[in-house]
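Both of the next two complexes hold subunit A, though its partner changes from subunit B to subunit C.
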Partner chain A sequence: MLFGGGLLLALAQSFGYLPIIGKTDFSLVAWQSIFQQTEFWQSLGLTLWIGFASTVLSTVLAIVCALLLRRQFRGKKAVTFLFQLNIPIPHIVGAIGILLLFSQSGLLARLANLAGMINDPAQFPALVNDRYAIGIIAEYIWKETCFIGTIVLATLQSVGEDYENAAASLGATRWQRFRYVTLPLIMPSVLTASILVFAFAFGAFEIPFLLGRRFPSALSVLAWRSYTDTNLALRPEAMAMSLFIALVSTGMILLYMTLSRKLVRQ
Partner chain B sequence: MTIVKLTNLTKTYPDSGFSVENFNLEIPAGEITALLGPSGSGKSTLLKLIAGLLSPNSGDLTFDDVSVVSTPAEQRGAVMAFQNNLVFPWLSVGENVAFGLKMRGVAKATRQQQARDILTLVQLDGFENRKPSELSGGQQQRVSLARALVTQPKVLLLDEPLSNLDAHLREEMRALIKSLQEQFEITTVVVTHDQEEAVILADQIALLFDGKLHQYGQPSDFYQRPVSRRVAEFFGGVNFIEGQLQDTEFETQVGQFSVSNLKQAATFISIRPEHIKLAIETTENTLEVRLLERTFMGTYYRYRWQAEQAPTLILTSTNTQDLSIRVSEKALLHLPKEQLIVL
Partner chain C sequence: MKRLTKYAGVALIVLGVLAPFIPILIWSFARRWYFPAVLPTEWSIRGWAYAFSSASRLPQALWQSLLISGVTSLLSILIGLPAGRALGLHKFRGKTLVEFLMLAPTIVPAFAVAMGIHVVFIRLGLADTMIGVILVHLVPTLPYVTLVLAGMFANYDVNYEAQARSLGATPLQTIWYVLLPSIYPGLIVAGMFAFIISWSQYILTLLIGGGRVLTLPLLLFSFASSGDNNVTAALSIIFIAPAIVLLIISARYLTGRNVSLARGN
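On to the complex of A and B.
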């Protein structure tokens, strides 16, 4: 009820219904306004990039890690523990870590300077608050790889290697076993986990706020700026943007699921 | 047709300490050989070694005198059908059967046709578009068999192919395996823990205990000439009389028995339940007993007898007819010389 109520209120406000400033008529002005803003489309592009890049890279890395951790090797327990250690650590801690390490005033920049690789820390490549949102994506990869990997590893351990053995016996090479057997087996858990990651990366606010550029910013940051603007008349736009994030997120998840399933079936 | 030869093959599992050591066996071409034994005897390990799913610690494995020890499973041509089918649930029946052909790069139309043909052979024509979840256990087992056969393997490996099926389906599947094997003439290795299954299916049986080969031969050998008491017991032997050989007679606590085969170090004689007969008068190899128990087994009667001279000696006999003897009544049993096995 709380969620539904909030959604309805956001919907009403996005259509201009804001009695606090005397607006009681419904209109599409806020929606039309955001769609006419260049900044909105640039923010959308950046947010989609962050969502897809973080999800795809985390998923690929997670699958590789899970496949490696499934094997028997000395120190496996310790490595698995370290791999899963990130899960309870909050995103904000990761963001601060990224800032301390990768920013142009960070540890790596200073070390590179000390080592004589660059003349000034400012010459260090911009990896934080940068154009391609590398810092944001790196933080999501750091945090989400272990999340997806843990789920995939659990699936791999529960299904065992019998299906892969059957495929090997039928003539499937290592790559074919991965492509035609392992991938379809883990796909349901990969899809579930990566959808969660995409939805989070697309809609999250604090990491793009801390590690992103001011212009263009992620959609959530843009919506937040409009929402907290002293001009209350901008609030319908903030609500329209927030709802748009939810809509695009849902649409992308559906598309992602359809495409992934198709890919696996081929 | 391929001859499979295992020479001093050794596989050790360091964690459990279990091993198959210096295993030697020649599996004849174009026939069915059963690897028989109780759980943990090493039969599945041997099957996986032949399939290439496990690597031996030492020894050699050859297909037609060519070593395949370092050949990966996918290039070995030994296809395994697993105990729990392992039909890929995300593929249709047709796609499952054509899987091996797809991995070999066979064109789609060709592999679909071949899959249809082999499905007809396993009596599943028209099932190619169904999902495995829509099939019964027996049908899934046939899909698994078809999937293996369609690749025309050098060696077909069947891991407990009937163990998950009920009695009726077992019968059907057994007949199907036998007829397909005869038709394709593929060297086939069947792993089973069920001696009856091994006897019906196989041309030869290799009996394993604790990772070692105890006896190898034709199914009848295991009934007529078991090499040890353990082998005889595994094949349903229940009657063992302790003693020792004195010239041509076997001396026991219940008297002397004439035996036809002499084995100097023998400590037991054995006789199968169906070979024990009732005797009318005391002659050679007769024994005075008292009936302990009579059980109707559906198609035959089972009798348990206690020797009069040695109450700890219990013998079991079977008969298709009711012997009309009451429990605790005395009787005379005849243990025919030619049926006595000296162990």
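On to the complex of A and C.
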């Protein structure tokens, strides 16, 4: 109720329906206006880049981690617990950690100085509030690798190693076993988990707000800036932008549901 | 050699997970830590002392955060329990649609919803109040709790309840002795993650609370943007403490399916 109602109200306001400032007529001005702004398209481009880069990199890393954590080694229980530790940690804390680690006077820059690679903080590459959103992507990778990895690990454990052993006894190499046996088995859960990650990275606000540049900023930050602008006339545009994000996420849910349904049928 | 690469890989994972916590931990005890020193040249507990003094407004933020997250998770369970039961036990027309509507708020960013609701909350006098903040926190927590409990009810046999009733148990006794014992792992996981989801909210609290309702993430944000690394670091550690405690308690109840929806974001 709250959710659907909120979205409908946002929709009405994106059409310029704002009785508080005396506007009760409906128009498409806000939607037309955002699609004509270069800043909107630049923000969209940046947001898509953040979403895709963090999803692809954390998915690949997560598979590698899960395959490694599945094997037997000393301290396996403790390491697996540590791996899950990231999941409930709030993103804000991750962002603060990345800031203290990656900034030009951060811990990494100090280590680079110790190693004799740089002499001055300014020589360290800008990894936070930077053009390519490296700090933002790093935070998502840090958190979402553990998320996808935990799900893949659970899938691997429920599938067992019988299929791989059978393939091995038929003479499959390590790579062939991974490519033709393990990967198809974990693919459904990998896909659904990474769709969730993409939808989150596409719409999240806190991380680009803390670790991003002011211009161009992520779509959510742009929407927030228009919403809190002293010029109330910008509010319909803010609503239109949030709804655009919501629309993309909705597409992602449909994809998620179709995929997970297929997974159940198999 | 193979053993060596395996342990090197495991060490890399551990380092990767812990990396952002290392500077946070050091900064919380640092006094002088200028570039290029790898470790602080002077240590102190100033960050901690300031964080716990009333000047930092931590006591107020901590209290309001605990209250909001506690009430939010309690309400989510009270509403989510019957909803999850209906969704898990019964087949009905339009169930797919309901499932879609339940999944939507876990993925669609909640601030899009909150921006729409804001106007109504202002008119109802709910804006800038704790009740308003709790209501808007229910948007992301409630669907999560309902989905987890629906999953629990999918494996639940209602006939036990009928048996208890036929043996003379009152409805309350049936709930207490039959229903709750069989779904409590789901209840614990759902309740804890509802708490953490609410605990981590920043933008919803800022929007609906209008700065009048001060929670821990709001305080953390304001120190982080003021650049006081000592206090920011100490507050970060206080902020993640409940997440770690809850994870330790709930680790034995966690499964892949639960995890897929429980993200402290």
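Heads up, the rule we're going with is that the second predicted complex is superposed on the first by the 238 of 266 C-alpha atoms of A that agree within 3 Å, B and C clash if a C-alpha of one lies under 4 Å from a C-alpha of the other, contacts with A are read in each partner's own complex, and residues count from 1 in each chain.
Here is the rule we go by: a residue touches a chain if its C-beta (ideal position, glycine included) is under 8 Å from a C-beta of that chain, and two chains touch if they have at least 3 such contacts.
Quick caveat: nothing in here was measured; it's all calculated off a predicted structure.
Asker: Let me test your reading of the model: by the given contact rule, A:V181 touches which partner, first (subunit B), second (subunit C), both or neither?
Answerer: A:V181 sits against subunit B, while subunit C stays out of touch.
Asker: For A:I151 in the superposed arrangement: first (subunit B), second (subunit C), both or neither?
Answerer: Touch status of A:I151: second partner only.
Asker: First (subunit B), second (subunit C), both or neither: which does A:S169 touch?
Answerer: A:S169: touches subunit B, not subunit C.
Asker: Under the stated touch criterion, which partner chain does A:L57 make contact with: subunit B (first), subunit C (second), both, or neither?
Answerer: Neither: A:L57 stays clear of subunit B and subunit C.
Asker: Could you look at A:L48 and tell me whether it touches subunit B, subunit C, both or neither (first, second, both, neither)?
Answerer: Touch partners of A:L48: none, neither subunit B nor subunit C.
Asker: Could you say whether A:L69 touches subunit B, subunit C, both of them, or neither, answering first, second, both or neither?
Answerer: Only subunit C is touched by A:L69; subunit B is not.
Asker: Looking only at contacts as defined up top, I'd like to know whether subunit B or subunit C touches more of subunit A.
Answerer: The partner with more contacted residues on subunit A is C.
Asker: Just subunit B (first), just subunit C (second), both, or neither: which does A:L82 touch?
Answerer: In the superposed model, A:L82 contacts subunit C only, not subunit B.
Asker: Between subunit B and subunit C, which residues of subunit A are contacted by each of them?
Answerer: none
Asker: Under the touch definition given earlier, write down the residues of subunit C that touch subunit A in their complex.
Answerer: It comes out as residues 6-7, 9-10, 13-14, 16-24, 26-27, 35-38, 96, 99-101, 103-105, 107-109, 111-117, 119-120, 122, 135-136, 138-139, 143, 193, 196, 199-200, 202-203, 217, 220-221, 224-225, 229, 232-233, 236, 239-240, 243-244, 246-247, 251, 254-256, 259-260, 262-265.
Asker: What residues of subunit A sit close enough to touch subunit C in their complex?
Answerer: These residues of subunit A touch subunit C: 2-13, 18, 20, 64-65, 68-69, 71, 73, 75, 79, 81-94, 96-101, 105-107, 109-111, 113-114, 121, 142, 145-147, 150-151, 153-155, 158, 189, 192-193, 196, 199-200, 203-206, 210, 220, 223-224, 227, 238-239, 242-243, 245-246, 249-250, 252-254, 256-257.
Asker: Can you list the residues on subunit A that touch subunit B in the complex?
Answerer: Within the complex, subunit A touches subunit B at residues 162-163, 165-173, 176, 180-181, 184-185, 264-265.
Asker: If you look only at subunit B, which of its residues touch subunit A in the complex?
Answerer: 48, 51-53, 72-75, 78-80, 82, 84, 86, 88, 90, 99-100, 102-104, 147-148, 151, 157
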